[in-house]
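I have a structure here, written as structure tokens, and I will follow up with some questions on it.
So that you can tell them apart, the chains are marked A, B, C and D in the order they are listed, and the count of residues begins at 1 in each.
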Amino acid sequence: MSPILFWIFSALMLGFGAATILNRNPVASALSLVVSFLGLAALFFGLDANFIGVIQILVYAGAVMVLFIFIIMLLDLKAEQRRQINIPALLGGVAIVVAFTAQLVTVIRSYKAGNEPFAAITPNLPDAHNIGMTLFANYNLPFQVIGVLILVASIGVVVLSQRELK
Amino acid sequence: MLNLLIAIPLVAAIAILLGACAKKTALLATALNLILTLFLVFQYDQAKAGYQFTSSVSLIPELKLAYFVGVDGLSLLMLLLTSIVALAAIWVAPQVEKLERYPNLYYASLLFIVAGVTGAFASLDLFFFYAFHELALIPTFLLIGIWGSGDRLGAAWKITIYLALGSFVLLVGLLALYLSLPQAVRTFSIPDLQLLALKGGIPQTPWIYLTLLVGFGTLISLFPFHTWAPSAYASAPAPAAMLHAGVLKKFGLYGLLRVALPLMPQAAHHWTNLLLFLLAGNILYVGLVTIAQKRLDTMLGYSSVMHMGYIFLGIAAFNPLGLTGAALLMFAHGLSIAALFALAGAVRERTGSLEFSKLGGLAKPLPFLGFTFGLAAFAAIGLPGFGNFPAELPIFFSAFSHAGNGLAFSNFQIVGVIALWGVVISSVYMLRGYRASFLGEPNPRWAGIADLCRCTRPAIILLIGVLMIAGFRPQLFVNLVTPTVKTILAAPAK
Amino acid sequence: MITLNDYLLVSGLLFALGFAGVLLRRNIIIIFMGLELMLNAANLSLVAFSRFGIVNGLPNYNGQMLVFFIITVAAAEVAVGLAIIVALYRARQTTNVEDLNTLKF
Amino acid sequence: MPLPWIILFAPLLSAALIILFTQRYKNLSALISIAAVLVSLAASVGVFLAPEMQPATAQLPWLDFSSLGVNFRIPIGFTLDGMSKAMLIVVTAIGALIHIYSWGYMADDEGKSRYFAGLSLFMFSMLGIVFANNFLMMFIFWELVGVSSYILIGHWFYRKAPSFAANKAFICNRIGDFGFMLGILLVWVATKSVDFETIKTTLPTLTANPAFLPFATVAVVCIFCGTIGKSAQFPLHVWLPDAMEGPTPVSALIHAATMVAAGVYMLARVYFIVETSAAAMEVIAVIGTITALGAALMATQQNDIKRVLAYSTLSQLGYMVMAVGVASPNGAMFHLFTHAFFKALLFLGAGSVIMACHHEQDIWRMGGLWKKQPITLITFLAGTLALMGIYGFSGFYSKDAILIAASEHHPVLYYCGLAAAFLTAFYMTRLFVVVFFGKARTEAAGHAHEVSIVMWLPLVLLAIPAVVAGYPEIIHRFLPTPAHEHSMVPYIASGMGLAGILFGVVLYWGRAKDPIYIPLLANKFYFDEIYALIVWNTQDLLARISGFVDRWIIDTAIVRCLASGTYGAGFILRFLQFGNLQLYALLFGGGVVALFYFILFFK
């Protein structure tokens, strides 16, 4: 991936990520999140993880976002009222985030091997095929388990959405 | 064969939970177990030392952890005790307990205890040995908490926290023992560990043995870790008290004989004086506490604590007489205390109370209960004719065979004298209790009460009959445990 | 040339953004979105490592497997979480976490 | 099957049969029991008449640890020497008569089956003691005697007094057994054996060492504790009078031939150990003398016919124990032998008096029975004279044997013995005069009549040996008797006896109530009260303290404090749960950052 594309998509992702958390209107937040995920999917493609990128678009930009928006609509959430800002909490949160970022930068700087360029990859990678082979050969049991998990989750959702919780 | 023995109660318990007829299934399962155990006892080749009927499934080969069962004479004796007491407990359950809530869960819990104890006695792998015992503890908690009487929740919490802590200390000890071995020989297999001990390959770290002693000791209600026992037994429904006091408690002693002593004899020697002091507390102090009790059930609870002191004395003496006596006493005490708890439960069910001040003269309206309670009480205070006597006798001699110098008694002999005096103490409280509840002028309130029903009597007769067999022909049981005792003593003691 | 460290940096920044959202926003739905951002930041670094740890010209698929499972679990989590939010909203008529503070002494 | 086995196990079989099968058929139970004791009696006679002693090799191994490499064996074996053969005859013969007598005495008791099962068990236990060839077999049956006495004394358990008396008897015995067992253990420590024959052979090598002497003294005194308990010697004598709460035939059995005799028999059996320590023998002699004199004193002021006899038993047992102490075990056995007959006779006679007066036991509520119960009168008289040791009756010979031995040993013992002889004659005269002569003082005594043949036949049969058992021509067939040298002692003793009779007759002839009252003696020197006080202030106090400590210190102060400490810590810590989700998240994040800092940068 050319550096220019990388930086464009990264900026897209981070910018809309920031928009997600800064917007006061939840619908706008949700839509920013979609764009941020699209940028992320583009980065995945740039890393030759085509299958994962497609999944990312399908699941997040498709299913999850619809769900979010649906719920926001359902609850009829308006933009937040401006409340008194809790200064200490704000400062604490920002401080921690800044500290975390600073640590991260320091660690990445000291990681010399990470500055090597990526090695070459087989051209025309049969990505979906390989993923399928790995998934069903090595990760068969977790795959089944995840199926059960989704079943349980959907049952749980049905139970939780009942009007009277007993 | 042994797998079947463990599986039958488990399967029966699950079947009951799924809705099978509780009483009949439970009774059938325990009866089947008893028959199987008897078959094993007769099939067991006494001429051949070592473990028999073994079977194993390796589970984590890297850690040498396997499901490994097998029996020798000692475990057979314990299995026999388990199946007899289990059958009797299930048999008397409907008579001694008015079951209003969840009868299926009740019987299933009893069967889970049976399965757990059977598994613990049959296991030859440290991990399963421990895990099966834990399996048996949980239903005990349920039984006391749900169907108990009096302050049942308090008692249930107390026993749970005490025993959980005891088990935890025990687990620390077992793991420390395992980790103290050199990497190459680490194993969970008890026979392999014993072979290792014979070669002197187990480090004899005193504190590890102390941990084991405290852990097992808490499970056995060693003084001063004993206060869970009386309140739990007083609150527990009779069958649970029978199974716990009669069988489950013996797990700790069995563990000392099976794991702690053969593996760490020199470390054990290091703590002999401490153990002597504590068991003297069990006999003298708890004996006096027993005298002060004002209720039949707490009195029986304390008496069972007290008698543990004798078994400890045999174990501490660490010679053929003591160990054999301890093994026999485990068996005999289990039977006698089970019979006593069953009968006390039957009395409570009929009179509604076990306070001495409210009882009296019960032998007149309840001749069978009175008679059998008398027999069981005589057994418990070590009178000839019952299994407890030929078990306690060698223990006294074992203590005295640690000779002092003439009249300058050794510590063992001093504790032996205390233990002898304990016999007097135990007859004081047992006869006082018996008199207060069964003898004397019958209370007019006993007008309408009926004796134990005929269909339940065989359960009591079974317990007392086996006790009398052990009393008249103790040699049968001595022969059974002889090879085990030899194995334990084979390890270098000093 | 774009290196692994660049990807890690971007991923870390995205994670920090998500974390800031969780810490600073009071709307529980936004908090939830912040969580999603954090999960995806992790995904990005995993895929980057997968590409980095190349073997015989093939990416290390174990990393991508983990991403696959994370996405699946995240989807389930979103479904359940939003259902909980709906139930909560029905009970309390709010999505503000400062009003949802009954779980205390 | 060898005869000893039959003797020993016939009563056990009968007890088992009765308990298991015939509890509902009272008369059948009684018949089984009587048949069993008759079988034992016949077999005993057979053993006695057998020309040579059967070797005591027939042994039933009961407990054997030889496979473990320990020399610890407890067989059920048989000793067959003159002493045990004589005891066999005494035990089974008197036992048989008492069984038969019980048939009448307990005719309409509802617990008849239980009673006869108890009697059979008692016979079994006593015969086991007689046969014992090692300490532990003796101990086993020793304990069994305690059990069966508990059952029999507490036969009327639904009354208050018998149930307490049974407990008292059993616990007193247990205290004695504590010492006995300790003695056995000490002997075992020294000789590594519990077998009498083996001990006999190893003992001389030990006694050669003077350092062994204190050890032997302690061991012998401990063994003697067994006798103190079982033969009701001072200071554990208190259970015996209370044991009168049992049915009268039981009292006869306990007092005459079985239980209390066991203690003396045991001492005689292990005399070879006893004689190793002179100091211990002094203790034995002194205890015996105290009991002989003290019990005789107490007997003079008792009003219950059975209690008078009970104290006389105590007193006579004191004589026997004193005899052992003054190195005359043969004298002790001799007195045991004669005493068994006349004491059984006296108790059974008292039983028929009690029966005739409708279960009245107070002698001052009887009187004038001589006309109504002639057979009882005559037989009772024979027993009384024998007990007093009047010339021509069995007691004369045996008591004199003891007094002679005592006079050779120490004058104080001898004088005390003489005083006891005087008192014996006095209180027996009192008893006899008050019960049989004078006017009938109650309705019941007025309507008394002679008892049935089942009951008087045993009296007659016992009266014969009560008279003749002491004659040298008879006794030497049974027991080795001390050489009867010429001595003044018999004359002095007889004089004391006659003085006692005279004194008694003068004092009590025609009286309707007791002319003298000595509270100290009537209240048995306040032993019961003192013991109650001691027990209350020591054992029960300790028990209450321990109970308190267990309940409040260990269970509450330590265990519950730990529990409530945990609870309290949780209570305090839960204030950290302030319910603000984002503050939790902030703290969590801060923790993560700090963790990273410490892992990655803090070097």
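Heads up, the rule we're going with is that contacts are C-beta pairs under 8 Å (C-beta built on N, C-alpha and C of every residue); 3 or more make two chains touch, one makes a residue touch a chain.
Here the structure is a predicted model, which means the values were calculated and not measured.
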Determine the set of chains touching chain C that also touch chain D.
A
Could you tell me which pair, B-D or A-D, is linked by more C-beta pairs in contact?
B-D
I'd like to verify one number: the distance from the centre of chain A to the centre of chain D, where each centre is the average of its C-alpha atoms, in whole angstrom.
94
Taking the mean of the C-alpha atoms as each chain's centre, how many Å separate chain B from chain D?
35
Could you tell me the distance, in whole angstrom, between the mean C-alpha positions of chain B and chain C?
55
CA centroid of chain A to CA centroid of chain C, Å:
5
Which residues belonging to chain C are in contact with no fewer than two other chains?
19, 23-24, 26
Among all residues of chain D, those touching at least two other chains are 582, 586, 589
In chain A, the residues touching two or more other chains are 89, 92-93, 96-97, 100
Answer with line, ring, star, complete or other to describe the graph linking chains that touch.
other
Touching chain combinations (by label order)
A-C, A-D, B-D, C-D
In the complex, chain C residues that touch chain D
19, 22-24, 26, 97-98, 100-105
Touching chain D in the complex, chain B uses residues 158, 161, 224, 227, 285-286, 288-293, 319-321, 324, 361, 363-364, 378, 383-385, 389-390, 393-394, 396-397, 400-401, 403, 406-407, 413, 416-417, 420-421, 423-424, 427-428, 431-432, 435, 438-442, 473-475, 478-479, 482, 485-486
In the complex, chain D residues that touch chain A:
582-583, 586, 589-590, 592-593, 596-597, 600-601
What residues of chain D sit close enough to touch chain C in their complex?
574-575, 577-582, 585-586, 589
In the complex, go through chain C and note every residue touching chain A.
1-10, 12-21, 23-27, 29-30, 32-34, 36-37, 40, 43-44, 47-48, 50-52, 54, 57-59, 61-62, 64-65, 67-69, 71-80, 82-87, 89-90, 95-96
